[in-house]
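In the two complexes that follow, subunit A is the common piece, with subunit B as its partner first and subunit C second.
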Partner chain A sequence: MVGVGARSGAARLFGVLQGLCRETWGCQARGVATRASTRVLPFIPTQDPDVIRKVPHDFRVVYPEFLPNPVPEWRNRLREKIERKDMLARRSNMPIPEFYIGSIMAVTVADPNAAGKTNRFVGICIQRGDSGLRAWFSLRNVIDHQGLEIKYEMYSPLVQNIEVLRLEKRLDDELLYLRDALPIYSTFPSDMETEILQEGAPVPVNPIKVQLKPRPWHERWERKNLQGVRDLGLPERFYKKAKLHEKPWEKYDLMKEYRATIPEEEQADIFREISSHYPLLESTRRRGKRKRVLPSLS
Partner chain B sequence: MNQAEIRKLIPAVRVVINAKHRRFSNPKGPEGRLMMMRKTVTELVKLERVELNYQRGDEARGYAERLIASAIKNGDCHIPTMEMANYWLNEKQLVHKLFKVLAVRYRDSTESYTKLHKAPNKYPGFFREKAVLELKGNPFPPLEPNNSSRNWIHNILLEEAHQEYIKKKLKEEETDN
Partner chain C sequence: MISCARTRYHNNGDEKRELLSSEVTKVWSRVGGGSGLHTSAPRQEIRKMARLRVVDNSALGKSAMLEGRPPKCIHIYNKRGVGFTGDKVLVAIKGQKKQAILTGCHQDQKPLVPKFDSNNIVLIDETGSPLGTRIHVPIPTMLRKKLTDMSRPKGADYTKILAIATRFI
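After this line comes the complex of A and B, so read on.
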């Protein structure tokens, strides 16, 4: 009995101590937690006038994968620099043309099981993502009434050739809704010919509005604010629910916007760093255009 | 998709920021958090010096910096910037102050537009870290004492003695020659 009593007394004392400690420790832990969260130092641009050369204004649009992923915890300046070097080395061996979401492309990859050891796939680019050597894009096509999507890594050594058959943009940033659209909108012949674009002309925007199949869908498209889709024809309650899920204040969140981008000065520094390779990149773009112009001459 | 947003070109913020935003709990959710930040930014632009909790001050600082930077970069004829100023400043006369006073004040500045001082907290009390957030170039007396030791009496005497020594040496050289 005595032992139990002593134990309970000790337990009570321990509890009181623990309570006291919890307060102080809680305080310290909060302090530690705030101090431990990653702090991002302000960016200091390099001040070297000799290196500054003219950066073509549209490079960040044409080569978005040269900009690193802006998440500060995942950034590593040295790795990014080495990756850019490797990307340029790969581009000097296999030119990667300019393309956008909605462009129709053909990709040839090495495939040990294919007849000629290569496999060529034609499709519309529905999504592109990631930066550096891990950059990828997805192509979609409907073959034998079967929708097919293939994700290609742009800098993979298995990719042998990337062609752009029709260079154009669409109204949306992602065309994932083509999965729920009528198959006619994502059907492209595999023997499609390269289409001609006037040299120096801006990249055309295709204003096509696709017709979606009736529900069920892969996603709630009525909540995505899609531009390239015809009237969805849903009952009123769907739009009411979509209205509830809108976040109209997000466009005013200046820091959220900032954390999702690479600042102007840093972008300038990155494109300054690869400026000695501009002739290579520019010649790839020009070659692509010449290819598109040649059929009109013949 | 793990790619930097390329639609907008944003100048770099010149202060240290947190990698992630702080989630200030608010009954109105993320919108309420932003309204809270807006209140602080409005106060800062209006009063030029505000005392507040450190966490809130540090978070609001980034928004104030970005607002001023965009006002300097785009001017008052740029519609999105004007909309942003309209959202962030609750009192509409402050929109004029932002474009006509602050943007002009910081036009040629190469450093940050705001300053955050750590402030002491009262004992006993809630042990929240306190801070004072202020706009640089405000009309108030400086918060931090001048730490220069140039005007200390022994430094003035030493300086005089040094000058005298140099004069004496020069005179000696002249007499030798």
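After this line comes the complex of A and C, so read on.
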């Protein structure tokens, strides 16, 4: 969402560069293309501005797993297309609600070893990753003073139900620091009730700042520029060292951003492809929100 | 090597030491080492010499944990040399050798397998029955299958661990 303007600028720059390279390298570049083992379908950008405008602006935030991994070696447009079809088919059977890092969720999975053959786990979403059918997220909770994390694949057929008990965001993109925080910050009751959110209201951001346990930690959190953490209380030398590892120029690196994202035009193309399912996706989202409103009325 | 150089130059006046320490920090930052030479996160695997946490209420395990001398893994009964949830290990606890079952691992796990914040064990004797009478932390449901498969009709029976568990995850 951030830097979309710069993003398309970079796309244009890349196009020019590619053109130049093709002229200078000529047959060499073509030779490499034919030798590659995986065939990548050509990308034909959409020309219709109406289609681009029709894509809801928050789709890339709500459904990030529909955008493929931008690493060129791993791209395969045919595979991605088939995967998107399968994802929509799965979503039509089991609705996957909108959630973010920091949302509190409950997942029910089929488990042949559990009593009742199903297993429900409540926890806070600390990380989500991968795209396509391999998309996953991790939940964390503290049960009987024991910290636990479980990773779930969103499109796994074993997952029977995904509920969002409290829809909210946090100040950071990953909450892995909860492993080193006091257990109170990742403790949630397993019988937690779904919380109410007005329909159409923006997703609230929880500005809570957690208190970390003293070192040793799993990672050097002073180097991660964390927003949701209270003062780390480290000696000055740690911050000096963190300063040396800072890379403040990276936010100006257009090529880095280009390689890390899918071009805006291609995003529009992907969302146009699933556009026939917008009513389904949107109704799932709305239904979820309305359900949260209902308990307050009763 | 760098620390050796630093001590050698210590005698040659403050100026030189200042210069060197700044150089050292530069090199250090490039190498990426902080407190040591390790630059990658540990994998948290259970191998020999790994410290474990006893989660049952056996007198031996409780006293070892209270003394701050948690048991050490000295052997893993599988061919890999790395312990996973449900594997049997041999631990050194308070000067004794005891067998134990791993009921939770800290290393990264596959989807649907719980990852614990500590490496938990339950002490057992040679016949597979636990030394304690209660486990006060959750244990993974996959142990139901794994421990049943490990048990033999006329050998060790590990399924008694399941009976003393209070909660499954």
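Throughout what follows, the second predicted complex is superposed on the first by the 247 of 298 C-alpha atoms of A that agree within 3 Å, B and C clash if a C-alpha of one lies under 4 Å from a C-alpha of the other, contacts with A are read in each partner's own complex, and residues count from 1 in each chain.
Here is the rule we go by: a contact is a pair of C-beta atoms (placed from the backbone, for glycine too) under 8 Å apart; a residue touches a chain by one contact, two chains touch by 3 or more.
On a predicted model such as this, the values are computed, not experimentally measured, just so you know.
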item: Clash-or-fit label for the pair subunit B, subunit C on subunit A; value: fit
item: Contacts of A:Gly228 with subunit B and subunit C, given as first, second, both or neither; value: neither
item: Which of subunit B and subunit C A:Pro97 touches, first, second, both or neither; value: neither
item: Subunit C versus subunit B, contacts on subunit A by residue; value: B
item: Touching partner for A:Tyr252 - first (subunit B), second (subunit C), both, neither; value: first
item: Touched partner set for A:Gly123, first subunit B, second subunit C, both or neither; value: neither
item: Partner chain in contact with A:Leu67 - subunit B first, subunit C second, else both or neither; value: first
item: After fitting on chain A: smallest Cα gap, subunit B-subunit C, Å; value: 10
item: Set of subunit A residues, in rising order, touched by both subunit B and subunit C; value: none
item: Subunit C-facing residues of subunit A, complex; value: 109, 111-115, 119, 121, 136, 143-153, 156, 158, 179, 218-220, 241, 244-245
item: Of subunit C, residues touching subunit A in the complex; value: 25, 29, 34, 41, 104, 109-118, 120, 136-138, 141-145, 166-169
item: Footprint of subunit A on subunit B - complex, ascending; value: 1-6, 8-21, 30-31, 34, 55, 59, 62-63, 66-67, 70, 84, 87-88, 112, 127
item: Touching residues (chain side subunit A, partner subunit B) in the complex; value: 27, 34, 37-43, 45, 60-61, 64-65, 67-73, 127-131, 135, 247, 249-250, 252-267
